[in-house]
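Have a look at the structure below, then the notes.
For clarity, chains are labelled A, B, C, D and E in written order, and residue numbers in each chain start from 1.
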Amino acid sequence: MSLQDISAASSSSAPPEDSTAPATPAAVEAAKVPLGRQMMAVPGLLPGLTIITLLVVWELVTSIFPIPSFILPAPTRIGGAIDAVPADRWFDHVWATLRVAMIGYVISICIALPVAIALTRSKVVSACLYPLLVVIQSTPVVAIAPIIIVILGSGDAPRVTITFLITFFPLVVSMTTGMMATPRELIELSQSLKAPPWREFTQIRIPYAIPYIFSGLKISITLAVIGAVVAEFVASSQGLGFFIQFSTSNFKLPQAWLGLGFLVLMSLTLFNLVVLVQRIFFPWSMPKDER
Amino acid sequence: MSLQDISAASSSSAPPEDSTAPATPAAVEAAKVPLGRQMMAVPGLLPGLTIITLLVVWELVTSIFPIPSFILPAPTRIGGAIDAVPADRWFDHVWATLRVAMIGYVISICIALPVAIALTRSKVVSACLYPLLVVIQSTPVVAIAPIIIVILGSGDAPRVTITFLITFFPLVVSMTTGMMATPRELIELSQSLKAPPWREFTQIRIPYAIPYIFSGLKISITLAVIGAVVAEFVASSQGLGFFIQFSTSNFKLPQAWLGLGFLVLMSLTLFNLVVLVQRIFFPWSMPKDER
Amino acid sequence: LDQVTFQLDWLPGGDKSPIYVCIEQGFCEEAGIEVTIEQGRGSSEAVTKLATGISDIGTAGLGALMAATITEDVPVTAVMSYFNQGPHAFYTLEGNGIATVEDVRGMTIATSPFTSSNVYLPLVLADLGMTEEDIVLNKMDPGALGPTLMTGQADAIIAWVVDITRYTTQAEEAGKDIVVIPWSTAGLELYSASVVANDTFLAERPDVARRFLEAYQRSIVFASENPSEAAEAVVSVVPELDLAAIEGGVNDAMLLVFNEVTEADGLGAFEAGRLAATWERVAAAQGFDVDALDPETIVDRSFLPTN
Amino acid sequence: MPNNAAIAFENVGQVFATDTGPLEALRGVSTSIARHQFVAVLGPSGCGKSTLLRLTSGLLKPTSGSVKVFDLEVTDPRDDVGIVFQKPTLLPWANTIDNVLFPLKHRGGFVAKDDRQRAHDLVKMVGLEGFETRLPNELSGGMQQRVGIARALLMDPDILLMDEPFSALDALTREEMGFELLRIWQERPKTVLFITHSISEAVLLADRVIVMTDRPGAILEDLKVPLDRPRTVETTTSKVMHEFAGYLRSLLLKRAA
Amino acid sequence: MPNNAAIAFENVGQVFATDTGPLEALRGVSTSIARHQFVAVLGPSGCGKSTLLRLTSGLLKPTSGSVKVFDLEVTDPRDDVGIVFQKPTLLPWANTIDNVLFPLKHRGGFVAKDDRQRAHDLVKMVGLEGFETRLPNELSGGMQQRVGIARALLMDPDILLMDEPFSALDALTREEMGFELLRIWQERPKTVLFITHSISEAVLLADRVIVMTDRPGAILEDLKVPLDRPRTVETTTSKVMHEFAGYLRSLLLKRAA
């Protein structure tokens, strides 16, 4: 998994230059300024370069200006903090966060889908359920954390629940929007076949909603990581979120920043995985030049 | 603004019963079980009933089971806490949160739109920018709060920034997805007219993306409130978030719950406003029976 | 072995060293107790967890317990004092022109939003004839306090004396010198962090509670005498921590445990006068009726080891 | 209504409610179509032909009157009806074969090897051999339309509703497809409601031609086609056909007067 | 190529790359269309007519050969070209008038009262009076197509590319629209490339008829229409027209052999 797949998350309307492909005028114009496009050809080059550039600028800024390391440590100094903690502890923290994020995310998807279907199917259900969803979404997790902990104890359960609560709403909203945006013709095609109603969802509305669903999945995967981290702030003794908070409160900032780095890397990787899943399983749902 | 507008956020595929409207068979079936649908006719009835039911159940549960009030106070007890704080203080807190949430949200929209356009227009920009966006999105705000505060001081600025950071990504992702999902025919129609390229966005891609954009706006408006609350946890001495945390840390729990109630009410209202804006300005972007 | 869940009121650090000493030095085991540590996120959260029985015994601010008792009547009782002075202090830099608490008049002070120090601040100021109007108070994330002080955005910050070593290290990096002005120097006398326990635990397993407190007290003494070994005990459980920093933290914390008050009343004691004074301060600060609670009802001295 | 009517319209009216006011699309349509009859519908653009077809399919309920299929009031789509929509209405994510097989999959039937073979045969019949695995957006307009035709034929429905199915086809393909349709209809008799703008096509294929008036659509004339079966390429040049087509043309032109 | 050629194809070939392999749509198409000429294109479904039109419009670049418009290689859409797409391609959120006015708005022209008047006239011309404020999904198939025609005519382009513009219309409307098109073409001469499946329509309207072979599309015959201008309703029944149409028909049928 590398950074190249990020680019798949977006594209221009112009197809790539390919001697046998239909080229639109936009592509022809692009041929005049080919540097960027040539670089696109090497997978991961551009995103990689961007991040490297950022790190270099950061290093330079911190070495030229007298920025104290407790405000913004230099990347090299952050990198040096890797020794501060044994490798297996790093692994434990990463794994704890990843585990909670993934379990919460998967549960969220599994519940969001039927809920979105119910909301799409019935206006009555929708009228009853939507306000509750907004209520849940707008309740700050930190405020109800004590209840969650008291009810669910102190294993993974409260953290998974918090992650679930944070990722759920965006998924439901995008799934519902997508299913409701299905063109009337396709719905009528389904109705005219007098199929069992749930097939209208599995074979028409859900496939049609795939771009919407993946838009929600992309938003939610980063929220899942955030959710796990927030949960660790609130209740945990391991995980990257705990580690960052812990390091910060002990004034060990390079180490906290390194934790942040791992976190960001985890998010990027998971995000790219979602993009990859879309590309592999639903190529038709992406612009043609992205498959 | 009442709750009825929530229902507009979703619908069944069946049109409402209207003697002059084309009725699909689904509508005919619904006529056999009309109670729910009859209730739909009274605006706000169903969402209101749902919330009232919830409160009643909550009251009953807390009075029947011996749930300590420091875990879950009864609604009546929470309501009683209204006197704990003078009305103008309540107003100050609500206004502080509302202000930050709204400013952050509006800035977020204003920046997300051009960014989404840039991501849609150019694959190179997209390859460079997307990883940065994911990095920003996946950085827990709490972890970088010190930098934000040191850089931005202690006015509204850091809080607005935090709100912005939290709401930005969902907006960009949904806007970009929508603009990229625009059918090729419509893009070609635009290209064939040889219009200035930005009009492809203003007159084709953005109108087409309206359902996606509103999906993002709905997700982000609740996130904006959450963002303002989180920001108040990090840097503030007023606002509902501050109030809740403050009350909790002083063990004034009914008062904290009441703050939570105001927060939820604010979220619901703002969410419904977004739905209302869509219904008034972009009726064609909603299912026909919802206009 | 008897199982006991020990509730911290915050993340591990030097000031939390006794429980780690208890485990690592085998004091708890010798007392026939196996301890599980439950980490905390503030005194209120710790009290809630103790009240619901998630944990049996732990540390929490006495002020928080008082507030919780008067508002919610939580089934939690204080059994031993830990910090017999308020840990609250102003931190400022050499050259900022602040030498005593009185000097903060007109200064910009940064504090974190939810620290219990904020509650006592008006009292300290009032003792000196000031109100919060006389200073500029900025509330911000605790992590931002140090940077704000070092960059000159605040003239002083409010923090606990257990953090002297940490802030000193940070100031050194910025080439500055820290000055710490504890509020106790301005006459704020109170118990703060204390050992508190779930009432059911105390009622059903009083013997375990007693044995635990004895082992815990032994650990405190050990930590104050052997700060570096105490720090090692913490770090061996929490390797993310830095030995030198923790040792500093242990030393800083022990100033609040062993001092002239300890000499007068003994380790872990709740002296009636000081307890009443603490309640008066809490009541005044949070707007409670002083008569609404007899502070004696929230303490139970019967579990204290007789030494 | 006679018992052997496959489709019966009784005083059917349809008024659409729109944001900009009501629109009367159909008014007082009464007729019935016998089992296994092939009926063509001709009429000016916008006169309500597609609306009539949607009413028959059960996708739309008439605002007045009633529509019966096999003596049962239509309240719901039925599973013995196959529809070719005016727009191709293909699933954009499915290739040709999958689009043709879709009714089977959608109704939950198990897609047997046999069905797959039949789908391939139908694709071949509509001249799309070699395009089995292409997506709709890789097909020309006429090719998409033919996929829609193959799809409707897959389930071998009792009633076939076709809305200008051959409109995007060239003359030759159109004729070929017409004869294929007749062949299928003769081999496995079914009731066909066939909307078209081609007078000669209507005459060549149908037993009966219904000519509709301008909006609000009503039945102007309902004529039996005076041609024997089987119809062949020769029929297309026969004098009877020519005359009858001429008469229909004059009917359709008359509305202008 | 002569200097007065409005459109010139030089050995144009088009191969589409698809997931399931390349597909040759056009092969060696060379011809040129003189300024103000009205050229109809006939050919079997899927032979590459729409592709040819898209190449001319600049929406597609040929994989071999070149397409020139007014002696300039086409690399981009031009603003003097109006297109009627095979699908109506209307903006679903805009009503009839706004859809017709869209080219003007989209190019950024100020929509004057005058333009609005012209749009109304065009809507009337295509027979949609009374439907000005309806949304596309409230129009019938043929009505949508007519909106697309009105839209292409609004900018009064030098070159008009029309892809089966009348395919969803009934015979009468079709004829009327054809004559309207001729009238406009005569009043304000323009070069027209007109794809159709109706042989008689091609003959009635065009100066020249290009007949294409089956895929990969190439030019089978390129014929001048032996009919004088102006063409009237009488022309439709003339013997010359009949014979020429018959010849074209035989050409198109021949491919089957």
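The criterion applied here is as follows: a contact is a pair of C-beta atoms (placed from the backbone, for glycine too) under 8 Å apart; a residue touches a chain by one contact, two chains touch by 3 or more.
Bear in mind that the values here come from a model prediction, so they are computed numbers and not experimental data.
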## Note on the structure
Overlap of the chain B and chain D neighbour lists contains A, E
#### Entry: Dominant interface by contact count, named by its two chains
A-B
### Task
Provide the C-alpha centroid distance between chain C and chain D, rounded to the nearest whole angstrom.
84
### Message
Report the inter-centroid distance (CA atoms only) between chain B and chain C in whole Å.
### Response
40
### Query
Which whole number of Å gives the spacing of the CA centres of chain A and chain E?
47
### Message
Multi-chain contacts only, two chains or more: what residues does chain C have there?
### Response
48, 52, 143, 147, 151
### Task
Identify all positions of chain D at which a residue touches two or more other chains, and write them in rising order.
16, 19, 58-59, 76-77, 87, 135
### Summary
So chain B residues touching two or more other chains come to 24-25, 71, 142, 146, 150, 191, 233, 245, 248
### Query
Inside the complex, what are the residues of chain A that reach chain C?
68-71, 84-86, 89, 146, 149-150, 153-154, 233-237, 243, 245-252, 255
### Query
For chain E, which residues are in contact with chain B within the complex?
57-59, 76-79, 81, 83, 85, 87, 89, 91-93, 102-103, 105-108, 135
#### Entry: chain D partner contacts - residues on chain A that touch it in the complex
185-186, 188-196, 199, 203-204, 207, 210, 282, 284-285
### Residues of chain A that touch chain B when the two form their complex
3, 6-7, 9-14, 24-26, 36-37, 39-40, 46-47, 49-51, 54, 71-72, 119-124, 126-132, 134-135, 137-140, 142-144, 146-147, 150, 169-170, 173-174, 176-177, 180-181, 187, 191, 200, 211-212, 214-216, 218-219, 222, 225-226, 229-230, 233, 241, 244-245, 248, 256, 260, 263-264, 266-268, 271, 287
### Summary
chain C residues touching chain A in their complex are 10-13, 37-39, 41, 45, 48-49, 52, 54, 142-143, 146-147, 150-151, 166-167, 169-170, 173-174, 239-242, 245
